[in-house]
Every structure is written in C-alpha cells, then in structure tokens.
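Next come the structures, one after another.
In what follows, chain A forms one complex with chain B and a second complex with chain C.
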Partner chain A sequence: MPASLESTATIHRSFLFWGGGFYARVSAVLCVACVVLYWLVRPPGPPNGGSFTGYTLGTLALGLVLWLGWFGLRRRRYGGGERLDEVLSAHVYLGLAVALVALLHCGFRVHCNVHSLALLLLLGVVGSGIFGAAAFWSIPPRMTGNRAGMTLGTMSAELATIALRCRALSLSFPDDIVTLVARTTSPGGEAGRLGDMLGGRRNRLRQLNLAAIAQVQDELLRGRDVTPAEVLPLVQSLTQHLTLVERLTSDQRYRRMLLLWRAIHVPMTVALLAALAIHVLVVFYDW
Partner chain B sequence: MTFKLAIIGSGPGGLSAAVTAARLGVDHVLLERTAHLSDTIFKYQKRKKVMAHPMRLAKLGDLPFAEGSREEVLGGWTATAERLGVNLRYNAEATKIAGQAGGFVITLGDGATVEAETVVLGIGVQGNLRRLGIPGEDPTQVFYQLDDPDELKGLRIIVVGAGDAGLENALALCGTNTVTIINRQSDFSRAKPGNMSDAERAVRGGQIRALHDSNSTRIEAGVLFVDTPTGEERVPFDRIIARLGAIPPRRFVESCGIRFPNTDPASVPELSETYESNVPGLYIVGALGGYTLIKQAINQGHEVVCRIAGQPCAPADEPLLLQRFEKCFPGSSVNDVLAYVRRTVPLLAGLTTLQLRDTMLECNLHRFAAGDLVFRRGDYTNSLWNVAEGAAAVEIDPQRPELRPRVEAGSFFGELGLRSGRRRTATVWAAEPTVMVEISVPAMRKLLSSVESVGQELDRVAVRRLIHTTLGAGRQIAELDGLIAAARLQKFKALEPIITEGDPVDALYILRSGSATISRLENGRVNVLGFVGAGSLFGERGFLDDDVRRAATIRATVASEVVRIEGGAVRTALALMPEMTRIFTSAVQSQMERSVRATVADVTRAAPVRNVSAITDFLVAKGVGEATNVFIIDEKICTRCGNCESACAATHGGISRVSREFGASAEGFLLPLACRHCETPHCMSHCPVDAISRMPSGEVIIDAGICIGCKACVNDCPYGVISMAELGGDPNAGTNWLTRMMAGIGVLPPNRRGDGHHEGSAKKAVKCDLCRNTGGVPACVTACPTGAATRLDPESFITWLREGQRAN
Partner chain C sequence: MIFVRVGKPGAAADGPVQSMDGEEVRIGRGKGCALRLMHPDVRFVHATMREAGRGVVIDAEPGAVLGRAGAPVQSAVLARPGDETWIGPFRLTLAEPAGGATLDVTQEGAAAEDEAALARRAFAMFDSRLPNVRLWGFLSVCAILLVFFAAPLSLHPGRAGIGRNAADASVAPSLLRSTQLRVVGLWNVGVVSDAHASFGANCAHCHQTPFIPTTSRACLTCHVQTGQHADPVRAPKADISGQRCETCHHEHKGAVMGTADRQSDCAACHRNIKSYAPSTTLRNVVDFGRDHPQFRPALVQDAALHMTKRYAFADVQGPDIDALDHSNVKFTHATHLKLEKVKADMKADGCGLCHVAAPGGVTFKPVSFETSCLSCHTLQFEPNHPEWRLPHGHPEEVVSRVSGFYAQAALAGETAMDPPTDLFARPGVPRKLPAPTGQNLVSLEVAQAMVSSIARSSCGECHTVLPPEAGQPATAWTIPQVWLPDRYLPSARFSHAAHATSTCQTCHAANTSDGGPLALLPGIATCRTCHAGEGGAPQRVSSTCVLCHVFHDDRLPLWNKPHE
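Our next item is the complex of A and B:
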C-alpha cells in the first residue's frame, strides 16, 4: 500500500473542521492580537490608517489579501502533494480575519474615495466568500438527499418515461386536459434565463403541474364521463412528474448556488487587487 | 497382390502418407471410406477458414497446406493426389485388420480384402462425437455439427464447447443470430490463438455472449440450465450446437490388436516415437493418436512413410528444438534432452511426447554457475522456473540474511506471477552449478488448460507452500505433512458462505484467491466486521476457544478458492507445535480488538448514523471486497466541483482515469468509476504482452511502453475502469492563462483532445495508477477542496464507518 494519507479518524472530514478547526483557532488568535494592538497602541487623533497601528494592520491586511488571492492559483496546481482541503480551510478562516484587520486598519471610517472603495470591495469579497462557505457546508447534504440515490441521468430518463405515460393516459380525457398535460410535460422552457435563475420557471412549472392535477381530479368530481380507475393512474403519474421535476429543478438550483457565488467573488477580487494597488501607490505618493 | 503399404483414411495424415509414398515410389494403396477426400474436413462448414497452426512449424512433404478456405485446401489436395498418381480407392471402408507385420489382411465393407506389409491408420476420430449427455436432450434441437452457417438466421443459438470447432461455429453464426457460448474452462485458450482472439473480440463487441467456467445441467422447454460461478442461469434457445470433441473409435481400433493405456474413453493408443503402435508394422497418424492439428498429421504421414521407405527424416520441430537446446546441451540429441526434462521436471512428467515437444518450443533451458542471478526482487518477469539439477537459493528478506531457503532439484518457483502478477517478491540465484527449465506464461496457460496433471501439480505445491508460509512458523515443511495430507482445495462462488455462524468447528481455512467478508448477525442485522484477503488464515478461532460453534459467517465476495484443512489434523498439529497456537491467538486478538472497538462505538454513539450494513452490502455488491485501494466520495460533503477528475487529467496528460458520472452511489457515498487495484487483478489474466504488473507497494500498473492496445484488459475488467486513449498530448492546448484563471478551463475533460488526433499514434489502455509517477499521493484526493474524496483500503473504510464517522 502506498503510505496512507491519514488515519481513518480524519477521512471524509469537511474542510471547515480540518485539523479539528486548526485554522479557525489560528484566525481567532490573529484577530485577538489585532484587536489588542488596536486597543493598546492608539494614535493621538482618531484611529486611522496612517498611524503606526494603521500601517502595521494595513501591511498585515495587504499580506493577507495577497496570500488569499494566491489561492486562485494554488487550486489549479495538481499533483503537488499539498492537500487542497487544508489550504481552503486556511483560506476561509483567514479570509474572515482579513475583514476585521482591514476594518481595524481604517478605524471603521469610510469616505468617498479610492481607499474606502478598496475596503468596500474587500468586504464584498469576504461577504461573497462567506456565502460560498455556507453554500459548501449546507448544500451538499441537501443535494444528496434530494437525489435520493439516483443520478442526473437516471432522473432525466425517468422523467421522460413518466412524461410519456402521462400523455398516453391523458388521451381519453377531454381535449383541454390533453393540451394541459402536454404543456406540463413538455421539456421546453418558456421564459428567458434570468427568470429561470430567479426561480420563475420553477414556480411556473409547479403551478402548471398542480393545475393539471387539479383539473383531472375535477373531471371526476364534476361527474363527467370518467371513472376513478381512469383518473387515479393519471393523477399518480402527474404527481410523480411533479416530484421529479421538483427534484431536478432543486438539483439545478443547488448546483448553481455552488458555482455562481464565484462569479462575484473572483471578479471582485480582481477589482480589489486593482483598487489596493492604487490605494498603496497613492499612500506612498502622498509621503 | 500384396502392397508394401496400405493407408486407411484420406485425411491429411493418410493423404500425406500416400503422397510421399507416390513420390518415393513406394507401392501403396489409399483406402477411403467415402466418395471424396478427407471426410472430416469435407464436413467443415462451407467457406470455413482452415488454419495452418502451429505457424513456426515447418511442413514436410509434398501435400500443399497454407491457411485458406475449406474449398481451397481440398482443391489443392485433390489436384496433388492426381498429379502424383496416388493409388486411391473410394468407397473402401476397412472393417477389420488382421495379421502382423509383413502380412496384414484388411477386410473391406463389400467383403473384398487387401493385403499389405505395413499399415498406416489415419482414420481420425470422426463419428465418435462426445455427447452433451444431459436430461431433456432432444435430437431436433441439439446438433453436433454445423454444415452451412448461412442456413441459420435470426435464431437464438447456444454453442456448447469452446474448442476450435465451437468458436468457429459461433463466429460464423453470430452475425445473423444471437449466439451464447457455454465454456467449461475459464477462457478460450484451448483454441488456436487466431480463433481465441477473434472470439474474444466478438465477446467484447457484444456479438457473442460467453459463459465461462460453466456447465450445462439440463434442458427444459426450450431453456438450457447452466451452472455458472455466479449461480444457475437459464438460457432460452432455438438450437443448440454442441462441439465437445471426439473420442477414438475404440472398439474397431482394439479389434486390430492395438492397446489403449486405460479405460478412459478419451485416452489415445500407446504409440512409439515413430508413431508405431504396439502392433509392429501398424502405424497411427493424426487425430486418432491424439494429434489434432492438420499440419501435425501431414508431417506425421510424411515421416512414417519416409521411415518405411528406408529414408527416415527428422521430425519438423527437430531443428527448432535443437536450436533451443544447443546452448545448454551442446551435442545432445533432442530425444536425450526431452528424456532428461521428463526425468528432472515432475511438472512436465504427465505430458505426452508431442505435448512435451510443443511446450519445450516455448521454454528456455539455462545452465547457471554457483552464484549466478536468476531474478531480482522487483523484477517484472513472471515465468515459472523449474530446477532440473542443482539447487537455487532464495532471499526472502534482505534484513534477515539467515532466512535463505533452498529450492532443490525437482521443485519449481516463481509461480505467484501466474495468479496475481506481482513483481518478483524475492531474489533468487543458483546455489551451486544448476540447470533450470524456464516456462513462459503463455506456455503455462496452455498447459493448465490442456494437461490436467500440470494444474494438479501446481495446486499440490501451492497447498504445501500456503500451509508452510501461514502455519509453518520456521519449521521444515516435512513437519507439516500431517496438515498437508488433510488439506484440499475448494472453490466458492460469489456470495457463497464458506463458514456459517453457528456451524460446528470442523476445519481451518487459508484463502488462496479471491476475498471474503466476516460478518455476524446482531439484533437481526447482518454486521460486517471485516474482510479476509488472499493469503490469510481464517476459521482459527474455533480451535482456541472451548466453543464448538462458529462465531461468525465468512462469505466469499467474489469467486474464491480456499485451502481447507480437516479439524482433526489441525488439533493434532496444535498439540505438537505450540507456536502455531501463538499464530492463531494473535490473529484472533486483532480481530477481537476491532470487534470490541466497533461494539463500543455502536453503544456510545448518540447521533443517528448511516446504515452501515446497507453501505457494506452496496460496496460488496460493487466488488469492493476484492479491492486493495478504492476511491470513495462522501456525497454529504462533495460540492460536485469535479476537481478530482480535473486533477487526475492534469497529472496524467489530459486523460482522466476517474469518472464520477458513471459511478454508483448509495447511502450518501459515491463509488466513482476508478481502478480498485484488485487483489487478483482481472486485467492481468489475458494481457498478451504482460504489460500489466503489480508494484511492491500494491498498485497495479499498465506499462504504456509495452501495451499494444489490444483491449483484452478492457474486456476482462468487471468494473469498467480501463479506457483507451492516445497518450502524449498537451492538456492545456486550446486555453490561455486568462481563460484558465477566470473560468478554470485549464484541463480538458477526459479523452477529448484540444490539439486534434495524432496521426499514427495508437490508443493504449489507461487506468488509475495511484499517481505513481507524480509523487505517489493520489491527486484526486489532494485536489478535493472540501475533503470529500478519499482513497483507502476497504477494511479501513468499514472500520471508519463503524467507529469514527462524524455525523456530518
């Protein structure tokens, strides 16, 4: 056997608990140290980035931002032997710390200039990062539960089968029901992408499906020319259809949430780096 | 008038004899029962391809023979017979041969007689086909011959028998029918290499379905019941074609005074080196003597007549063998060397002369001086070595120079490579001036499938060695005779119990191959406690406790083979050898520790846990029981980012060896499609160039430099983890730093090449290699950002499940 990577006590442990929360502790210690520094070493006037504390914290924050940004490159370096879950664990906890350090650095003062822009961008990056970490924590178990042991492939295939069954069963019903069922089970979307992303399509599909079920049940209640034996299979199939569509759309939503936060986190980091560069240059230019 | 020579049967043997007789001017007559030449070949299916094996063997005589269709071959023979003026008599069936050398009297079917000084019998084994012999057999459904494959279309056909005839029939029919082959052996190595590879290709392509290691048991209402390693299968059919070989026409042959060595209906008559039977002047050539290849019969017919004519010629393989033997035995005759090999190599003692000559064509003879190296630990070779004279010394552990057992003359070593393809586990050199016979892996495979005594001898030695290694504890092997005598090999199918909880303790077991789970019924649930790997002892606990009942069930997870040692002999041995008790106790102790820890964890755990038995069942069903290192993803942590696959591709030239999409999942764990580095790797079983081997640290590797892309391993792997790819491209082709940074398109998905198809480059087999060339730490695991991916042995995983999992 090649040397085991770890004892079995640590396999399948989430990155948030890597090393038993080692980096959380590191980050906490750092934060406490910075707060202590901020409290003890005060400038004559209001706290600002130009004081000794300010410069110290500023340098620390800059160093942290650069190290955190380096993660973007590290995550694509494969085969190096370093474990990405450890690196991510450090990234997440130190990313929380950098927000505090930056705020302490500027003394919690915000103005309308490029310096505060850098701060706001940093907070934006950290905020989106928190969203990402939360997503990584909570979504996978929900996604797995939602999939219930099936793969996307089997769910899609199953959906196609159920859709066909619904349509076949609906044929003995009045035309308006046939049309409704066909619309419900047709795979094509009706709205644009934005609506999809905001959940519009999902709701619309659900409404359509529920309407179809309701209308079919109605047929029986109104005493029309149908028997329970005809209605029940169609209602069951439509319900199965609804459940599966819900599963699929939930799965889609989960996958998007796991990816899209990076569409803010990464570009904002680039903007942050630019703003920081200007901020540092301006500071030194002003000397 | 008395002929000098009467030849009975115009098959290749008899016809060749007649042609040589005509050429040499020997007074002869060729008697043929039917109205055409070579009835057996005449009855081949139309347009059948007749092969000229063995290729390297020369063909003697004037009868033309090259690979061609049945029609071409027969046409050539008829023309030659006419051209050379063979004295041919059709419709002349020999019903009796009386007399002796110098004066044989052959009685024909119409009452006429023919007299000759010598007789060559080349009647083959036609007409005595082996039958299926199972209940429900019906002549309208079961056939023993196939005349024209084109006449059968759109039928469900079962071919029973995987010799050349069976495979050729199956291949001819599979284009327009649904064909299933039932094969008693475990592969197609009984047939000629050409048929074997054609059939394997057809099985891989889905045109033929093959059931190996299977026997037909009965027929009921259009369904054939077959006993397979995974249970009984029902195969519905429209027609069965049984090609089970043929038996010599014993009564007729015995009536001529010819003796058979025993009453086994499949045995062949005793023949001298010159193909003369016990009746002087009566020669037997071809299939009747057990030599089933056409070229062999042609050569024999020629050789016999040359001798009769007073111009003896050397056998066709003589120059080839002489060349092989020359280095070790300069100046010795081939026969002398063969006699020497027969005397000194017990493994080959049960072979007929022809089998021995055939085998020796693929063996190497070595003469070593004392201290010469045979092979080193870690070498890739896997041939079998026999010590003919002298002795070899084995260094098992470089740290323990005092442990240097010897392999004496008459023994063999190096057989582990046949089963699991591990690199040499020890260094061996000659302890004194030694002669050794090295048998190659392909030759061993052929021997194992055609000569029963070879497999039996290997089994016998394996049992002795397993017992010595597991129970010997430093004793000489002779002291373990009691255990060895009480031991026998037993095979189990997948999921069959070897030991059942509650049964009496009556035997000790060693797992020779395969793998098994240890489980107990607790609170109505089956709890898997661990795995038994190949080479391990089990069932020992019952001999230590005073309980006389088994405390757990041991169940095979895949087809497995065990050495079973009778309980009485075990108890005797325990009394005589106290150190054996210590071996048992330590094995039991570690098992009990695991069991106690697991029980404590069960009791103290508060949070709801995953269904351990469901997960274990799932893993075992997916074959993880025989894995040594398996890739498992915890789907409750996995964010489906695909970094594992990207990392694998990035570290392996752009070709990922892992697929999550095609994996299976249950209870929140995903088993992606990835190599498990099985204990007994299936991929190794038929690699024709031995490109697959196992490293000392356990990973199974395909050497791309040796691989020829034949896909035998792809077909053999039951888990579908091997794929084919062109190697040596640039994984980053089609991307730049910006695209890679922003969208992470740094690595192309598996098997899609950004830089186009390479002209002239062949596809090779690729699979997970545990990142052997990139640091030995699996990239798929280190690249997982959330810690969801892990690669470990199944036993540790089960332990984690039972004890250490967090309720994440």
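Our next item is the complex of A and C:
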C-alpha cells in the first residue's frame, strides 16, 4: 500500500481487499478448477473449444463476460442488494480469471477469424482493466499530494493571478522580455499540437518558463537598464508560475491515466459482446 | 513645453498635468521615456513627440506603429484640438492649449486581459475529458458486424454460389476468389486437415444444414469402404454402424485430424474382451508396455491357397518350426551368412543384397530366385556342359530338359557316365568330378535316375519335393507351390521404413538364425526395448494401440449404416 494511504487505512479500504480478498480466492479456485479440467479431460487432437472441456470452459467464459459487462450498468445506479465496492472487487478478480478461462477454452490457439477476434478483444478488455485497476490503486494518493488541497478551479484562478502579475512586472523590461513572458503566461497559446496531446506540452511549458526566468536574470548581467529590485519580483513570480504549471500538468496527466483506460475498456467491451455474439452464432451455424 | 494629462484605464484623462520639456519627448514603457505607457502593446521606446506650433508631431520608432489596428501610420500630426492618434490601447488627443500644446492620454478597455477569462482558459487547457466511448463502441460494433458477420454471411458457400460443389474447388485461383475464401475463412474455427483440404473451403460440403451437427452422410460421400471394427455377429456390442463419425474424428483441428486414439478408448472394451466378444481368441490388454500378450505369428498353412494359421510365439521359435511352416521352401540365414561369397557380396548392400524395400517401405519385395539365388544356385547338372541348366519355376520342363541333354549327348557320340551321387553338392563345397565309366550307354533309365537325383538333391536343396506316387512314372516328382506371406504378424501394421534408421540386426538375429525364416521374427520384448504404452516410460516411445493396430478393418463388413 502506498505510504500516503497507510495512515488512513482505517477509514479507507481499497476495493481490492474487499472481504479480505474474498473474490481473489474465489477467482483463484475457479482458475485452478479450470486448469485441472483442461489438464485431465483432453479431447482427441489438440485442445479446442469444440470438445467437452472446450464447451464447458466456453460457456463459463461467456457467462463471466456477461456478468462482468453488467458492472457497466450496475455502477451507474445507487442502492441494490450488494455494495458497489464488493461488485467492483468481484469484477476485477473475475475479470482476471476470465482471461485464463478464455485462453483454456481456445487451447491457446489463435487464427485469423472471428473467434480469435473475440479472444483478442477479451484480452484487450482485461489488459485495459488491469491498467485501470493499477491506476486507481496508485494514482489517487499521488494526485492528492500533487494538488496540495487545491482543485483544478483554484489552481487555474491562481495561475491567472500569477500570470497577470508576471506580465505587469515585465512591462518595465525590454520588448523581448515582454514577449517571452507573454508567451510563457498565455495558457493554450500553442495548444493542439500532436506532441502536446501525447504529453509534450508539459515539457514545452516548462522549458518556456525556465527560459523566461533565465533571460530575466540575464538582464542584469547584460547591463541593461534594470535594477535588481525590478528583476527579483519578476523572477519570483515566474518561478511561482512554473511551480503551478508543473502541478497542473501533473494533475492533468494523472486524470488522463484515470480516464483514458476506460476509453479503451468500454468500447472494447461493447465490441467484444458483438464479436462473442457472432462467435457463438457461427459456431452453431456450421456445427 | 508639452503638457500631458493621463487618465486611468477606461476613464477620462483627469490626472495631474505633467509638463514635458525638451526638443523631443520619448514615449514608451522604458524608464528613459518621459511619457511612460505601461502596456505590452507599447514598445520599450515606441515613439518621439515634438511640439509644432500649438500642436504636436509624433513619429514612431523604427518597427513601431501609430494609429488603430488595421490603419497603422508611422507619423501623426495633431494640429487642431480633437485631433488624435493611438499608441497601442492608448488614445492621444490634442486638447485645448493651456499654456502650450496639451495632450490627453486615455486607455481604452481593461488594463490587460481579464483575470477571470485567463483563469477559464487555464482551466480549459488543463482539464481532461473522457472521449466519447459510446460513439467509439458503436463504431466498433458496426465495423465488426460488417466485416465479421455480414461479409462472410453474404459469401458463405451455403448461401452464395462459390464452392458449392467439388468442381468449384478446382476453379483456378483468382484475386476475387481468394478474397472470398479469405472472408469466408473468418468463420472457420480452425485449419481443415490436409486430407480434406481439397474441398475444405466449401463449408456446405460437410455442414449441409445450418445449426444441425455434421452427419456421417457427408463423410460417406467418399468413405464408402470403411469397415467395421469387429465382426458384428461375433461381437454385437462392438457394432459401430449408426455411430457418428464425429464421435471419434474431429475436423478443424489442424493439418492432422483429431482422432480418438487414446489407449483408454480401446481398453474400455479390450481390458475384458470376452464380455464383448465371447467367442474371440483375443486376450485382454490395456497397455502395450505392461500387459500386451506375446505376438502370435501367422504361419503358412497352405501355400497354394495362401492360407495361414496363428501359432504361439514360443512354438515358432522352437525346433519344430519345420513341422508348422508349410511355405514349402527351406532356407536358413545362418548357413548362408557364413559363406565367403555371400559375405563378399553383402559388403556393398548388406541385407539389401536380397531384401529390397517394396514401394512405401512397409514391407519388402518378394526375394527373387533370379536376382538373389541364381549366382550360386546355378542349377547346372552336367559339369562338362555348364551351359545346360534346369528351368527354375517350371518343374514340368525338367524331364524334357534332362532327356534332351542326354539325347543330344548320344547323338554327338559323347561318352555317358554313371549318374553321380555327389554332383549337386552345395554351392561353395568343392565338387568331385565323376569318373567316366567307358560305357556308351544313353538310356531313358539314366535320365530317369538323373531326374530322381536332381529332384532329391538339387531341387530338394531349397524346395519341398514329393516323390512320384504309386503307378506314376519314375520322373513324376512334384514341387509344391512356394508362398511366403508379406507379414507374419497380420494384425499389426509394422512399417520397416519408419524404423529405417536402425540396422536390420537390431531386431533380426540373422547371423545366428538357423530355425528358418520365422526364427528371425522379433518378439514383443524386442519392441519394448523402444516402445512403452501410452503412459510412456523413461526413454521409451509413448505408443498407443493405433500405432500398430487399425480400428476400421477393411476385411470386415462395411460400416454402412450412417447415423441420421
């Protein structure tokens, strides 16, 4: 458990430990049972989905997938006979188990067909789910520490205040400093680049801010008509600006990691249900 | 002297009047400027201003401009009250002169960007939103339905025309057809076996009715000669007519058919075979390595009728082998392999000198007298006339051949000799020439004596020979037909080719075998040096029943009642 969570362990308990890991044990037993079945009841030829073992594992996997998909509906409503963290705990561990059950069902064989498509989509859904569970495990404590009690709204407001102060302080500096500070303190001025979306913006904003600080300090060395009393407040303000920008970009990165896996998990689940429907239909169409 | 009044942002120019001396007054943000206008749109040194009569002239510095955005000018002359120009957001208006040219400076709009708007921009920039997962999910489903359902369904051989019959499978491959096959293949659960690959693309060939499991009728289209496993009369419980082929044979499992071939499948009945076939002579078996009975070789019972009879393995290894075997040929490997000539001939080909693999490598071609025996067994009967030989394979011609020789000898005036008794010594043994008798006698009696001697010693060397029956001529010796079976263990299918990496002597003790051909036959112990049952054993080949035994016996009635 991350250090920041230990002190609050009595009031916060991760869904991963619901019921003392009850569903982890349920999932482990299920996996062992499936492996034993796979090992002992072997069909003629290579293991496959059309044997007794294959049909059994396939039916189990299909049932699990449908139940796991039901979580997407269950999490949207309040109440119900079971706690949501219980359902989520089961969702995570049985989701891990269904990947193994599906692999045993197909005998670890992949071809270029709709059946393997369903398998690959299932593995993609489970993989993104693993990423999501890991993200929800590790990111919230870091995110809380990074925000230091602020919200995105208060951080944005403070950034605006500091930006305006930087710009006002820069006015008594030569034109190049004014331009640089204006660029540094103008959020979204160069947004929309592909690199920005992939995380390059954090680095670019940081470099710009550092360059502004360095150049303001250089004004003294270059012998321009500025005094330390003018330089110091601007450098301080730019430094505050840098700190806040880093905090905001980190916060954004954390939020993206908490969000984007679902951008894969959810559509891929819907696609998986479609592929599974075709898979089952086709298998019995050409029985 | 120019008088300047500066107002607060957005307000009238009601500030204190500043008087500015000098030839030129500098305007800008910098400390060196007399009129400092603090805004990012104003340059460090933006312009210079000088008094001209009751007005002022303002000249922009290089790179800077005056005037409103969209109508920039380099220089502005403010001559009459009310004349104005702009520097950034600042409006410079000439007022009524009050002791000199007077300039009112007002700032339009807010001092700078609105803080709240800036905060909103920052919020928008650092906000994160989930992409439209419903849209992406919907598009994914549409794509999958189109590619993996609609396309294969429309091209499915059971629906569209392609590959509906066997003739279509031979259509020359085209890009269109290969694309069709590829699309239809998206429904294929696995690779079709090599044996069925020729029509494998035609789903409807086997899957004749949607949602109905494949029937054996589809298999019987080709496999009409499939035999029963056991005699359905003697072992009615083993009658497999009515079973689905798919019960044991599974398609789409790769290049090799998935076939129920496990030892346990066979042992289910064969562990107690009498309860399934009370009259059988088979013995119980579960595992080749543990309890498989000793082999029971089939010996020739009647060579003319190609009939065989099974004997216990111990019997055929014993000294009574000659009494059991009726192949009508006498031969021992041990005798031959000791001969120097044979040893010399075998240096090149080894056993291949006589034993040549039959096509397929499972068995060997029959040993031929002409290629394997003739070089030593020359069938000459008169040392002085080696050109005269007995006709092998045509015993009915022996009498005429021998009579003919002596008749010719008499006509030629040759001196005949007594029929020698040791003339037909074995090849390799020095031959003692007979002494001439000096009698001019060539008679039928001599020929008859010769034939009897030949039959006993020359033919009888290798063949079973039968003397003339009572009342028959003295020359009426007979040689029963010779027949050697392809295999002495007819219930198993042993492939010599599959064991070609071993030497012959690994299994066949030819050098020491003097008990006839069957003494060479390896027993189960020999097989078990390499083979164990299905469960395997350390450094043994795991061997199921069907490695050696076939399930469908084509000697039995046909399996011809398909399951409907």
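The rule is short, and it goes like this: the second predicted complex is superposed on the first by the 268 of 287 C-alpha atoms of A that agree within 3 Å, B and C clash if a C-alpha of one lies under 4 Å from a C-alpha of the other, contacts with A are read in each partner's own complex, and residues count from 1 in each chain.
Keep this in mind: a residue touches a chain if its C-beta (ideal position, glycine included) is under 8 Å from a C-beta of that chain, and two chains touch if they have at least 3 such contacts.
These numbers were taken from a predicted model, which means no experiment stands behind them.
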Partner chain(s) touched by A:Gly153 [first = chain B, second = chain C, both, neither]: both
Chain B versus chain C as contact partner of A:Arg255, first or second or both or neither: both
Contacts of A:His111 with chain B and chain C, given as first, second, both or neither: second
Chain B versus chain C as contact partner of A:Arg76, first or second or both or neither: first
Touched partner set for A:Asp175, first chain B, second chain C, both or neither: second
First (chain B), second (chain C), both or neither touched by A:Gly50: second
Contacts of A:Phe136 with chain B and chain C, given as first, second, both or neither: first
Touching partner for A:Phe284 - first (chain B), second (chain C), both, neither: second
Chain B versus chain C, judged by how many residues of chain A each one touches: C
Chain B versus chain C as contact partner of A:Val266, first or second or both or neither: both
Common ground on chain A, meaning residues reached by chain C in one complex and by chain B in the other: 153, 255, 266
Chain A - residues contacting chain B, complex: 1-5, 8-9, 11-15, 17-18, 72-73, 75-76, 78-85, 88, 135-136, 139-141, 143-144, 147, 149, 151, 153, 255, 258, 266
In the complex with chain A, residue positions of chain B that touch it: 628-629, 632, 634-641, 643, 646-647, 650-651, 661, 665-668, 697-699, 740-742, 744, 746, 770-771, 774-779, 781-788, 790-793, 796-797, 799-800, 803-806, 808
Contacting residues of chain A [partner chain C, same complex]: 43-46, 48-51, 109, 111-115, 117, 152-153, 155-157, 159-161, 163-164, 167-168, 170-175, 178, 182, 187-188, 191, 225, 248-249, 251-252, 255-256, 259-260, 262-263, 266-271, 273-275, 278, 282-287
Of chain C, residues touching chain A in the complex: 29-32, 38-40, 43-44, 112-113, 115-116, 118-131, 133, 136-141, 144-145, 148-149, 152, 158, 185-191, 203, 207, 210-214, 248, 250, 252-254, 256-262
